[in-house]
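Quick one: the structure is below, questions incoming.
Chains: A, B, C and D, in written order; residue numbering restarts at 1 for each.
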Amino acid sequence: MTRARQLVLGPATVALLAVLPLVVRRDDVLNFLFLVLLSITLAQSWNIVAGYAGQVNLGHAAFFGLGALTTRTLWSAGTPVLAGMAAGAVVAALFALVIGAAAFRLRGAYFAIGTLALGEILRITVGNVLAEVSTLPATTIAGYRLANRYYLALGLAAVAVLAVAVLGSSRLGLGMQAIREDEDAAEASGVGALKLKLLALVLSTALAGLAGGLFAYYHISYYPAHPFSPHWTFDSLLITFIGGVGTVHGPVLGALFYVFLREYLAIRWVDFHLLIFGALFVAIVLLLPGGLVEAVARLRAFTRRA
Amino acid sequence: MRAVSDVSFAVAEGELVGVMGPNGSGKTTLFNLIAGALRPDAGAIRLRDRNLAGRAPHRVCAEGIARTFQLVRPFAGLSALDNVLVGRLYGRARGARHAAVGEAERLLALVGLEGKAHLLPAHLTLIDRKRLELARALATAPRLLLLDEFMAGLNPAETESAMALIRRIQGEGVTLLMVEHIVWALMDLSRRLIVLSAGEKIADGPPDAVAADPLVIEVYLGGTRGSARRA
Amino acid sequence: MLEVQAVEAAYGPFLALSGVTLTIHPGEIVALLGPNGAGKTTLIRCITGLLRPRAGLVRFEGEPLGDVPAHAIVERGLAVVPEGRRLFGAMTVEENLELGAFVPRARSRRAAGLERVYAIFPVLRGSRRQIASALSGGQQQMVAIGRALMANPRLLVLDEPSLGLAPLLVESIFEVLREINASGVSILLVEQNVQAALTLSRRAYILEAGRMAGEGSAAALLDDARVRRAYLGPLAP
Amino acid sequence: MNAFLQQLVLGLLIGGLYGLAAAGLSLVFGVLKVLNVAHGQLIMLGGYGAFWLFALWGLDPFASLALVVPGALVLGVILYGALFGWVVRAHEETRVKNSLLIGFGLALALDGAAVRLWTADERSITTGYAGAVFEFGGLAVPLVRLASLALAFALIGGLHLLLRRWRWGRAIRATAEDWEAALMTGIDVRRAYLLAFAIGTALAGAAGTLVSVGYSISPSIGLEWTLKALIVVVLAGLGSMLGTFVGGLVLGLAEALSATVFGGPYREVVGLVIFFVVLVARPQGLFAR
């Protein structure tokens, strides 16, 4: 897609989605779109560190969870929700800095399993310390407006996509991609790998923290350990890979496809979507490493030739 | 294990120095030490009086030392232009982006890759990938460039063109230190040779003097005397 | 015995060998020389089935090896001593040797094979329970040669057997190669140690930049200015 | 004091299963350089196999090993042929990364399938002798778990012998060290890979059976057991199956210790913390021999 078309299409889509609640007044549609937008934000945040900097983070849920926990706690204590979300992003990013300094000693698959363990440590600990369901106070529930959540989700998703688009064509993004391709060669070309990887992780986790805050704002009641569940990591991974890892559009396409199929399948067959997505994911890793984005590009090239 | 021990030498600005020695004599280890990929157990590596020993590779690069790899390692997922841009946007130069693109294109042309800026490395031939890696290294604006077996695997015609390229780069004022197995090319290019054997420097001087050095001949012809006796 | 005809090999888009032809007659020792990066190891990988030639033919005892998997080539009687020895370092010397007789053609003669190897390298008998990685470089090279011999080969291919060994050891290893050859095993020897290789072999090939640059009797090549130039350039007297 | 010792005994008993769970993962990773994060799901499948053999036909869980293990062996062959056989074609670094992704997809698919087929309920096999306890100096040792420990040890010992004495066992070890050199000595490396993967899956099946009898299974235990196995592999390193078994016992003891010191809920955390610390402390030496 050319830059000019992107510059038109992006804002147009956002504008369209912004007027949608005024036209369509169905909660199920808004809920569905909310989930898609939340998924875009989360997947896009994972895409920064995994797709661009090449570090497969399997503990992503920890940062989503930290964002949710911080936001919910502050918001319940009377802080405005946006301030709470900002604090959640900061907490997630700070934790990432501390952890990243250690975890980035690991390369490739070892980084992946190391972060997987980290995520689980946090999930179990939070589950033990905060075993009670977190429920919004009755007054908040009474004033609950889905549209507010929807607009916030739209804004966040737009920010996430924009961030990745800007990053992808920036000096920092190029350095990250160099690290993804060959860390030693990148270092030899002057790229400070550790610093850039940390930066990618901080950006990624701050966005994940914001997404977590959105989750805390959206859900009326949930177990505090729930946003720490590895399923959030797995969702991000599936969406990004199915859409196209390391691309701007991949997570967007992937999220739409994933949430649609999940919600559609969930109505008919509980949990069946995992089976399908697991198989689809394996097929993509083996046969179509570029995901849907590559499939679309190939299809276009094919039709143009035909 | 000691791969390199007590090796000392100095390279003057603008010089082209060749490093030779049989397999396993420590040439690549020496390069890794200079480039910061390995940390020396002892000793100093100075560039314009600044000790770089033990610094991380990207810091060494920022000080003005760039390298190519024995087996080419371009960034496979990035276009040729982006490969060079990485060197330009990091390294010692760190220019503004629009200026960097112009400079990267100039370097691609310099190494002979004009018109191939948007190709992925997988679509380049070996010599072109070597050229690309050279352009990436040059983009970091090095004072000293380390070439690790730049001509290995090239056919005679390609070797000639690689030699011309190296001369052109030297002409741009870059100091060069090159490990090479193709001895005649090395003899042709450089005014000074360093010979390593088993991790130690056994000769250092003009090619003719090195060629006449009995120790060098011994190392290069292998067990000459032994087998000659047997034959 | 072995015929390599117009072999072309590539790693991805990079052509490593082109039009390479080489013949080994039964009972011969043939040397393959050439500078680093010339494609010697690539040629060996083509012969041993680790790399499929993009074009051309490799024939062993008259049979084309085109589709024969690497492990089955050993069964045909072609064994290799790889560059850098590549022993199974965590296993004992004897386990390494016995693995050499993994192929059916050698399995039943395992005991005899072991005796033969211990007869050639008596020092290995004493260290047969030792872990291979704990041995000295010279003994490791003996194990590597022994392991290849255990396959009961008719053609033995050696990739740089002298690498990293002291001159005295090189001499004794080459002496052993002469004995092995005398027992009826043909040998293809890839060497950087030009002088030693040409002294041992009767014929040699010179590979340069993926092409055969020369071929001839060892004696003639020893005097050939081209050979000297290939290795030494102006160093050559 | 007695309660503390009791905890340690129980920790040791489950530790044997950790060792068995890790042995399969370690074998597959060591030989194929494939990190199968669906290993825990394979254990889960083994557990369901034994559970249904018991529930439908009343087959004794220990006897069902005779069916579950060969079944798992076949499953291993299928999985290798369909999935992991493709991954091993790649170079080592890509191989580990791709195997991680494939294993992850497989894990999700198996999780989903298990919920569909067997619901999310927790299941365990309750035999007539389930409650039998062996008293020893005031300590209660559940007989079933003791038998499981003994069986786990026997299986790992058997594997150890197999890898040392059997012709293909040695071939598998050779392949683990240097597959190219193995190929050059005439070993059909693909077959060694297939064998190692199938044996690894069979070990997972055996571990699952023992889990279903002494403990419990549900579709969600996969990740948990994968992590346990990973922790043990990191603790014990690759290369020695007996070392892996000891690593399992150590993890079991460490969990029991932390449960008494910090409280039950933190039993899971200690292994993960050890895992992370060891991982970070020796990033290169990890999984080294």
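What we mean here is this: a residue touches a chain if its C-beta (ideal position, glycine included) is under 8 Å from a C-beta of that chain, and two chains touch if they have at least 3 such contacts.
Since the model is a prediction, treat every value here as computed from it, not as a measurement.
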_Intersection of the contact lists for chain A and chain D_ = none
*By CA centroid distance, what chain is farthest from chain A?*
C
*For the pairs A-B and B-C, output the one whose chains share more C-beta pairs in contact.*
B-C
*Just curious, how far off is chain D from chain C if you go by their C-alpha centres, in Å?*
42
*If you average the CA atoms of chain B and of chain C, how many Å lie between those two points?*
31
*Approximate Å spacing (C-alpha centroids) for the pair chain A, chain C*: 55
*asked:* Quick check on chain B: which residues sit in contact with 2+ other chains?
replied: none
*Pairs of chains that touch, anyone?*
A-B, A-D, B-C, C-D
_Of all residues in chain B, those that touch chain C in their complex_ = 22-24, 122-126, 129, 149, 152-156, 158-159, 181-187, 207-208, 210-211, 216-217, 220-224, 226-228, 230-231
_Contact footprint of chain A on chain D as seen in their complex_ = 35, 37, 83, 86, 93, 96-98, 100-102, 104-113, 115-116, 223, 227, 230-231, 265-266, 268-269, 272-273, 275-276, 279-280, 283, 286
*Where on chain B is chain A touching in the complex?*
35-37, 56-59, 61-62, 66-67, 69, 73-78, 82, 85-87, 89-92, 97, 136-137, 139-140
*asked:* So in the complex, the part of chain A that touches chain B is made up of which residues?
replied: 171, 174-175, 177-178, 180-182, 184-193, 246
*Inside the complex, what are the residues of chain A that reach chain D?*
56, 102-103, 105-110, 112-114, 116-118, 120-121, 124-125, 127-128, 230, 234, 237-238, 241, 269-282, 285-286
